[in-house]
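See below for the structure under consideration.
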């Protein structure tokens, strides 16, 4: 365990950035977004709850898969895969860090998604315990300990000090590079800080949300519940919840005709869209109610069914904060769950 | 879909017109390499029978599903190539033209650049063709009636010819009588026969022909519809004289006490009464009351005409009448007027009554004119001894004061006037200032030479710079370029050959008919050489000076040509419609009515239709737009107004145009 | 930019939408009269200026066009009576919006060119091509993907 | 380096802004000119000689100094050829060749005659001060 | 004095009871105090209806679907919402006969993001105090703020306190606050910038776009059955921002499609998860339309022709753009 004065964070970032891109929450016109560190950017470690999650670093919104070049009547295929340069993501909250495990189960199981894999291998994750959670946070509900955020390196930021603890080989390698900037950590001080923020997390309004009734076997019990109609009534079918979600992993593969050839790319898709999983016969989910249901059934039932009971939600609270009509997973859990009726 | 196409590309040399600047073989070769192209070739003249048969043969041999022709403008030969394709069994709308002549070989000098551009244009046509759909033209009925706007010699001749073929014709004339400018003329060149003698019988024919209806003292109110089916509204202005009752005795005119109105027919050289018949041979021979001059209309008193009319034809209460009629074809014959000379102060036209325009001089020389044919000066009625004619007053003028074009008729009528003066009054000295004498016509130059050689008219190569009054003489200062001298002539009269311009009403008419008009307000012909009597607007034909300056024989020839075109059109029972019309995808239509608001033809209406929808209620009623294909003219205004893209235009679809954009920007 | 690239002469790409009845015919007349203008100008025939969808203009820019000009009948002379009036409003607002977004104003233009104005067609295109040449490549609105596969 | 006649003609056309090819040889300029009698080369011929490049002869011409610069020819020309501007340009070429002005602006006031019409002063200034 | 919500409940209750309407569309509680959800209520459910400073959502677009259903619905519309409603009626998207409009009083709505921007985190609940003041309870302690300081952009530039469509009104009669801001001020400021500055501004804003379509889907003017950008057959469909240009294309065309129809209801900016000031695009069109073709407020009535489906022969030429605005 190490530590560094908060005032010297700039040096730390510069050192990390020297050996590869450093991505961390930065100021962007009044919002906090993951962005590349440069000496000029304004780092927002006070707003770790970025609009978009850290998912983007491994699974970007759009990504070129391959190209087809056309010359007259000839078509040639261009492999656009490039080796991914090493990079570091800094300031990842515990919930976001937990989301990578959920994505890994999808992209790294056979057949392995090599585009995702190459990024995952190249990226080192430095987490930061969240000291100022929002009322929308409910990571603890999914067993995530916000005080011990995980990742390759875990960090804690007090008023004047950053504590640094490597957890993996990747973390050790990164620590090695910055070691001369660090001093040995004050375990007692860290513990005091952890207790302090634990107490704050205890006060969160959603901490007692119960997931009882949601599991891999709940399909029959939940699928035809009449409450879906009311829950989805106001849904406008946008993709906000999906695109800010750290665990949503659905994508579409599209071709873009450049005039000289075809650029095949993938882009995030949203199960809230009417053309999601559209097939020759149309969309299997014809109404917004069905599409709305799909999203939450997937998070709380279908995913756990295929992944050892793990939910595909980390309680980051983004969808709760961002939904234009304030209809979100918390309401679904409260409405359909067993223990949430006051 | 596009991959199923088999496309043939034909590159025309157009002799050397294209081949001199564009490497046609290279274009064909480049196109051969394009996806979907199974055949590409070049040939000297694609529009020739040889070229067309190549297209037909290739369609059959290669089973072509579409054809790209790289040639001249589609405005020139699109129809030709469509027909050729159709005769080989291909849908005519599966033909696209790349305009590599007007838009390429004729304007670019560098062979590399021109060839490269020709290839891009060919690819663009191919990109569009890949998305073409076979289209079938619908049919519409033809109303067997023609409308002629303008009752001068052009309109009369067109109407007579159309009526002769057995079709109903209406003539709309804004003045109280038909006859037009020709009725004002004295003699006609180069034969010197009397204008009235040859015109009045035609006027009478028109009046008596039972197929012809005359709407004199009437104006066009509006025109809608399209070829074969125009609807026109005609405002028959109140004459205040009942045409059916009036016997044309002329007593009213004699009794009318208001005698101060300028006589338009005599170019304002004398006055007329408030109730008047423009001239003795007017048709109809019915007077009209000029309400601005009439004492009754001004003060409510008088009424002498009414009291004296034994036929009880005077009707002060008469109102304008709007007549609505259907027509299959429209002939525009709106004629001309001399330009205003107010910007040519140097000739002293507005200051000196003895400086007159040629049309005024025409009236002075006319036996039925204000001087009963006596050549006298308007100022003092004295016989002139020296007359100076000035040609090109306001013609060929790019300074902005006049017109940039040659008015075409002035050289000849000036020679006519000079000759007539010298013949009737050998004592009168006649000088003509000219820049050029233009006499390209049968017996024209001979006529002009007679004026010089036989009648001793003094033609001076040069221009008048100034006309000023000196006592009762007009001092004419001009140049004699051959002698390189400045000369001064003391003249008694000066006659100005003023440029002519289209009647200003033609602008209004052109807008009504959506016929295009050039910068000089002459109506544009569909093709300057091959379709000189047709307007680009289908069903609208041009007759006389409204299309460009011309003399009487040319006007009559064009009038008959326009009539022949009208007869050809009216002879058809059905017309093939343009299949490039809008259509709405009912699955995308929101029923918002935006398209209806911008449609200039009222071609879009709405209906409620039941649709299957997902969800517990299985159907819902939606309001959707429906295009009347017979009325739609294919402008595409609706397609851009429609936010959902439901409205599209056949033949110019959004995807086709975007494919063209993509191909150009590739 | 490498020396190789700077040496290459810049050839702008200009898309001209011409209405069939006036401006396309005007372009034909320019051809018939041998009034030259740069080969950079490529014409797309549309029935009326009102057929030009803002999408087409943005599409052209997306695909790498450096300038887009729309030519139609003079106001009042539209073959379809009112098409160019609608086009005029649409294009005024669209161009104003592009300007607002920081796109060079001179990259877009509307001209009214009649069938009889071959001279105007040619002078307009010469002028426009010159303007675009001076402005240089359209960097702000292009879609980089359209060039990517050419590398 | 003395310019050739051809170059000179080009210069005359450039500084006058006159396109001599627009002339349709109607002679209205000469028909209009109030100083015609004083001129050896008349306005219409002046235009045609510039067009043909016969500048040397024009530079010797008396017309240069007898032209009143009244601009009547400019006013009346139906083709906007503007002969007076050409004459002015040739005059200027002569003065430039001489390398000095006939008159400087500050010399004018003492030379002024009170009865001189304003137009004449303007014409003279236009003519001699270039 | 009766509170607005009480007047609304009383009137709605009567209309439901006498059968004038079958349903009511309004707002119900969300998860927190500040995030109510649009909802439809039938008789007997009215106790869940709420109306306060956080009911900014414009419910008029839901009427497209609601009027396809049987029966009549009571719509609770704020003054600005009635403009959207009129526009929907004009475009035949909403059947006027199937809606009973209750125009409800509005004193301006709060923007939770602005409260957060004041540094207020961990909000547990909010109380509305007299004098348009808000008391915010957070896990970090209580905070207060003025409603006026946290108003939604659309309310800062409130275009009207009057309902342009209504069958009845629910008003307290209290004096209304004035709109403090000129709605075109920012547009004018942008216009005066150099093109490069404007480009940088918009690139900075629009590059955050995640193409979630919230702006489009919430927009009452974007009522197409299928948007061209979702329609593969349109040739311009695009699901994501694959290139910087594409987000421009989407937003330019979207603004153009609603030009002359947009009532400036501000929903697009309100719902944007990335806080992109999309209203500045719409207001640019509105400002231009006002300047070029005369003042026009979309939705002020249900019959007038929109500026893009209308013309006069003397309209300004597109070249006017060359003569306006900031330096080149």
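First chain written, first letter: the chains are A, B, C, D and E, and each begins at residue 1.
FYI, a residue touches a chain if its C-beta (ideal position, glycine included) is under 8 Å from a C-beta of that chain, and two chains touch if they have at least 3 such contacts.
Every value quoted in this text rests on a predicted model; they were computed, and no experiment measured them.
**Student:** Return the chains common to the contact lists of chain A and chain C.
**Tutor:** B, E
**Student:** Treat touching chains as neighbours and tell me the shortest step distance from chain B to chain E.
**Tutor:** Steps on the shortest route: 1.
**Student:** Using mean Cα positions, find the chain sitting nearest the overall protein centre.
**Tutor:** C
**Student:** Need the most distant chain from chain A, centre defined as the mean of C-alpha atoms.
**Tutor:** Chain centre farthest from chain A's centre: D.
**Student:** For the pairs B-C and B-D, output the one whose chains share more C-beta pairs in contact.
**Tutor:** B-C
**Student:** Report, in whole Å, the distance between the mean C-alpha point of chain A and the mean C-alpha point of chain D.
**Tutor:** Taking the average C-alpha coordinate of chain A and of chain D, the gap between them is 84 Å.
**Student:** With centres defined as the mean C-alpha position, give me the chain A-chain B separation in Å.
**Tutor:** Here the centre of chain B sits 72 Å away from the centre of chain A.
**Student:** How far is the middle of chain A from the middle of chain E, if each middle is the mean of its Cα atoms, in Å?
**Tutor:** 30
**Student:** How many angstrom between the C-alpha centroids of chain E and chain C?
**Tutor:** Between these chains, centre-to-centre, one finds 36 Å.
**Student:** By the touch rule stated above, which residues of chain D touch at least two different other chains?
**Tutor:** Residues of chain D never touch two or more of the other chains.
**Student:** Check each residue of chain E and list the ones that touch at least two other chains.
**Tutor:** 228, 236, 242, 308-310 - these are the residues of chain E that touch more than one other chain.
**Student:** What residues in chain A touch two or more of the other chains?
**Tutor:** In chain A, 256, 259-260 touch at least two other chains.
**Student:** Provide the full list of chain pairs in touch.
**Tutor:** A-B, A-C, A-E, B-C, B-D, B-E, C-E
**Student:** Could you pull out which chain E residues touch chain C in their complex?
**Tutor:** Residues in contact with chain C: 187, 190-191, 195-203, 228, 236, 242-246, 248-249, 252-253, 255-256, 259, 281, 284-285, 288-289, 292-293, 307-313, 315-322, 324-325, 328.
**Student:** Chain A touches which residues of chain C in the complex?
**Tutor:** Spelled out, the residues of chain C in touch with chain A are 63, 145-150.
**Student:** If you look only at chain B, which of its residues touch chain C in the complex?
**Tutor:** Residue positions touching the partner: 73-76, 99, 101-104, 106-110, 113-114, 116-117, 120-121, 124, 510-511, 514, 516-519, 524, 536-537, 580, 598, 600-601, 633-637, 639-641, 649, 652, 654, 657-658, 660-662, 664-666.
**Student:** For the complex, give me every residue of chain A touching chain C.
**Tutor:** Chain A residues touching chain C: 64, 67, 69, 78, 256, 258-261, 263.
**Student:** Which bits of chain A are touching chain B when the two form their complex?
**Tutor:** 70, 72-73, 257, 259-260, 286-287
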